[in-house]
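By letter and in written order, the chains are A, B and C; residue numbering begins at 1 in each of them.
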C-alpha cells in the first residue's frame, strides 16, 4: 500500500493523476503534454496569496501548499479555512491576491479563471446534491461537462472513470435513487464521487464530515482513507476535527483569525510545542509505519515504525499494510529506566528535545525524539522537575494507548 | 381607553358644527363635471347650503342608486335612466326635467385637421374615429346617428374605436391615438368657443337631441338643499354657466 | 346557446391575450427575476419597486400612461411608428404590451422567490462541476424553481384574464380585437343588460375559481427541498 506517492517518481507534480490500478512510478505515457509539464516543474503545488477584508472578518494568507497528498486546513470556525478553500475554487470573488496551481495562474490582478474552468473537484460540507437528478444524474452532471471541456486535451487524462468513483465510494446500489432517499452518509459519498467524476487535478473538501453524526463519520472515513491511498492528486481538506486530520493529513496548515499559524508536514506541525496548547486534549503526534506481525493469541499487531515496534490492538489489517498510528501526549509518560512490572506494552528509548509550557500551569509538554520521529509527552511540571528533564537527555517513554488509525 | 377619551370628545364636539347648513349629496354624469362644479360654487355662495357630488358614468351611478347608494338626486347623461328610476319608484314623480342639451362636435387635437367635417368623414383621411360607446352613452348614439345621416357608417366602421364614455372618447383623440372623434362640445369649449384643436359642430338635426335629465330621489325629497338646487339649475345664473360650457337648455 | 356569439368572441380573445401575455412574460420576466434574485446592486431596490408598481397602481393610471406613451406624441409611439408597426393602442398587440406591464409582478415575484429559495449552494456546486453560468441557469436554477414557474404562469394567466382597467384605457372596445370578456361584462352592466352580464360573469367566475383551485391544490414535491 502506498501513502502519498513519493516525489522521486519522476512524475511531474502537475500531472497529478488518479491511477487506481497502477503505481505512480509506472507513469511514463504522460510525457506528451510537454509544455504543461515544464510549467508544472517550475512551480509545483498551490500558491495562494489571498487577502479579504470584510466587516468582522479578514483573511490574509500567503502560502505554498504541496502538490501531493492530503493537506489539512485546520482551525476553529471563523478561522478562514473555508474561505481560503473557496478562494482557491474561485467561489469568492471579493478576494484579491494571486492563486496559482502548478504554474497555472488562476487569479491575479489581470486574470480570473472562473470556477467552472478550474480543474478542481469540490466537496461541500452539506452534500449539495441536485435534488432534481438521480444519484447517477448527479454523477454524470459533472462528468459529461468535464469530458466536453477536455475534448481538446488528451483524452488519456480521463484516467478516473465514473465506474471507479462509484466503486471507490461504494455507491453502486444507489444510482437510481433520488438524493432525498439517501442517508446523510450516502449523500456525502455520492457528493465525493461526483467531485471525482470530473477528473479533477485538485480535490477541495470543505469539512465533508462535519454535518454528519459519529456513526456516519465512521462510515465515510474508510472511504476517505481509500481515496487518500488511491488518488495521486493533491487534496485540500478543511476540518476542525483533530481526529480527522490525524487520520487523513500528510500536511497540516493551522489557521486562526484569518491567518496561518503553522504549516508543514503533519508531524512537524503536530509536534510543535507552541501549537499543541491549542489542541488541548488532542495534542499528540501521528506516525506512519507498516503492519509487521500478528499475534494471534493476544489479538495484537506489531507495527514497525520509527526503527522500533509498537503493539496495537488487532484491527484486522494485513501484514505489510500501511498503518498510521496516533499517540496522544497525555498517553505518554517518561521514566529514567525501561519499566518492569507494568501493564504498559509499549516502552521505548527516547531523547528529550525540548520542554514547553502547556495550557494549565501544572502541566508541561515535552518533545522527544524516538528514533528520528517526534513524540509529545504531557506530564506535570512537578514530575518534569523531579526527573530533571533537560534537552538531549536519554529517557524511556511508556505509551499507554496507541490508536491505529 | 383613557387615552381615547379626548379623541372621542373632539369628534363629538366637531359633529354638531355641520348642523347649521343643509347638505345635499348628489350624483352627476361625468360629462357635466366642469359646469356642475361652477354651478355648485355659485349655489353654495348664494344659499349657504353645501353640496357633495359624486361624478361617474350614468350607468354606474344608476346601478349604485338601485343598490342603495345614499344619493338624493341624479343628474344623468340621458333621459332613460331618470325615467327608469321614476318608474321604479326611486325617483320622485314630477321632479324630472331636462337640465342640459348636449351638442356633438367632430373634433381633432390637430388645429388644422377638421375644416369640413362631412368631407373629412367621407374622405376617410384619418387613422381612427373615436366615439363613445353608442350602447352606453347618448353622445355615442348621437355619433352613430350622425354617421348614418352622412351615409358613411359602413365605410367608417373599421376605423371606429369606442370609449366607454364620452370622456374616454375625448381622451383617445386628445392623446393623438385617434386623429378625430365625436366628443361633447362642452369638452372642448370654454367661454363660448373651441379653445383647442379644430372641430365641426354637428348640426342638431343630424341626430336626436342629447337630452340630459335630472331627477330627485326619494331620500332627497324633503331636503331643502336638494329642492333649492333643482330650482337653481333652472334659473338664469345656472343656465348662463351651462351655455358657456357648450350645452343648450330648454 | 347560453352565451352570445360576441361573448364567445370576447372569451376567445381573452384567452388568446392571456396566453400570449403569459408566454411573453416567461421570456421577459425570467431574466428580471433572475437578476433581482441574485444581484447585490444598489439598483435592486428601485427595480424591484418598479416591477411591483402595477400591484398598487390603479390600472387606469397604467392604462393612461400607456395610452399617452404609445400614442403618436409619446416615445413608444414614435418608435413603433418609425419601425413601421404603427400605433399600438386599439390593437391586440397594444393590449399585449399593456398586459405584460400589468401582469409583470405576477410573473417576476414568484419566480424571483423560487430563484432566491434555491440559494447559492447548488449553483456553486454546478460551477465546481464545470457548468458555465448559462449552463447553471438552465440545468440547475430552472429545474429547481419549476414550482415557482408554474405558480407564476398560472397567476399571470389568471390575472390577465381578469384584467380590465388597462384594456379599457387602451383597447377602444373593438369586437374580436380588443373587446375582452371583462370589458364585455362592463358594457352589459352599463347598458343595464344584467342578464347577459350575469351569464358571462358566471363563466369568468367559475374559470377563475378553477384556475386558483388548480394552483392551491397543486403541491410541488416538497420532499425534494
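By definition in this document, contacts are C-beta pairs under 8 Å (C-beta built on N, C-alpha and C of every residue); 3 or more make two chains touch, one makes a residue touch a chain.
Here is each chain with its UniProt name: A = Molybdenum ABC transporter ATP-binding protein; B = Molybdate ABC transporter substrate-binding protein; C = Molybdenum transport system permease.
This structure is a prediction, so every number in the text was calculated from the model and none was measured.
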> Hey, what chains does subunit A share as contacts with subunit C?
Replying inline: none
> Taking every chain's C-alpha mean, which one sits closest to the mean of all protein C-alpha atoms?
Replying inline: C
> Relative to subunit A, which chain has the most distant C-alpha mean position?
Replying inline: B
> Where the CA atoms of subunit A average out and where those of subunit C average out, how many Å apart are those spots?
Replying inline: 55
>> Taking the mean of the C-alpha atoms as each chain's centre, how many Å separate subunit B from subunit C?
In response: 35
> Roughly how far is subunit A from subunit B, going centre to centre by Cα mean, in whole Å?
Replying inline: 87
> How about subunit C: which of its residues touch subunit A in the complex?
Replying inline: 121-122, 124-133, 135, 139-140, 143-144, 146, 223-225
> Which subunit B residues qualify as touching subunit C in the complex?
Replying inline: 57, 59-60, 62-63, 84, 127-128, 130, 133, 135-136, 160-164, 168, 171-172, 175-178
>> Applying the document's contact rule, which stretches of subunit A touch subunit C when the two form their complex?
In response: 89-91, 114-117, 120-122, 124, 126, 128-132, 141-142, 145-146, 148-149, 178, 180, 194-195, 198, 204
>> Quick check: in the complex, which residue numbers of subunit C touch subunit B?
In response: 64, 67-68, 70-74, 77, 87, 89-90, 168-170, 172-174, 186-187, 189-192
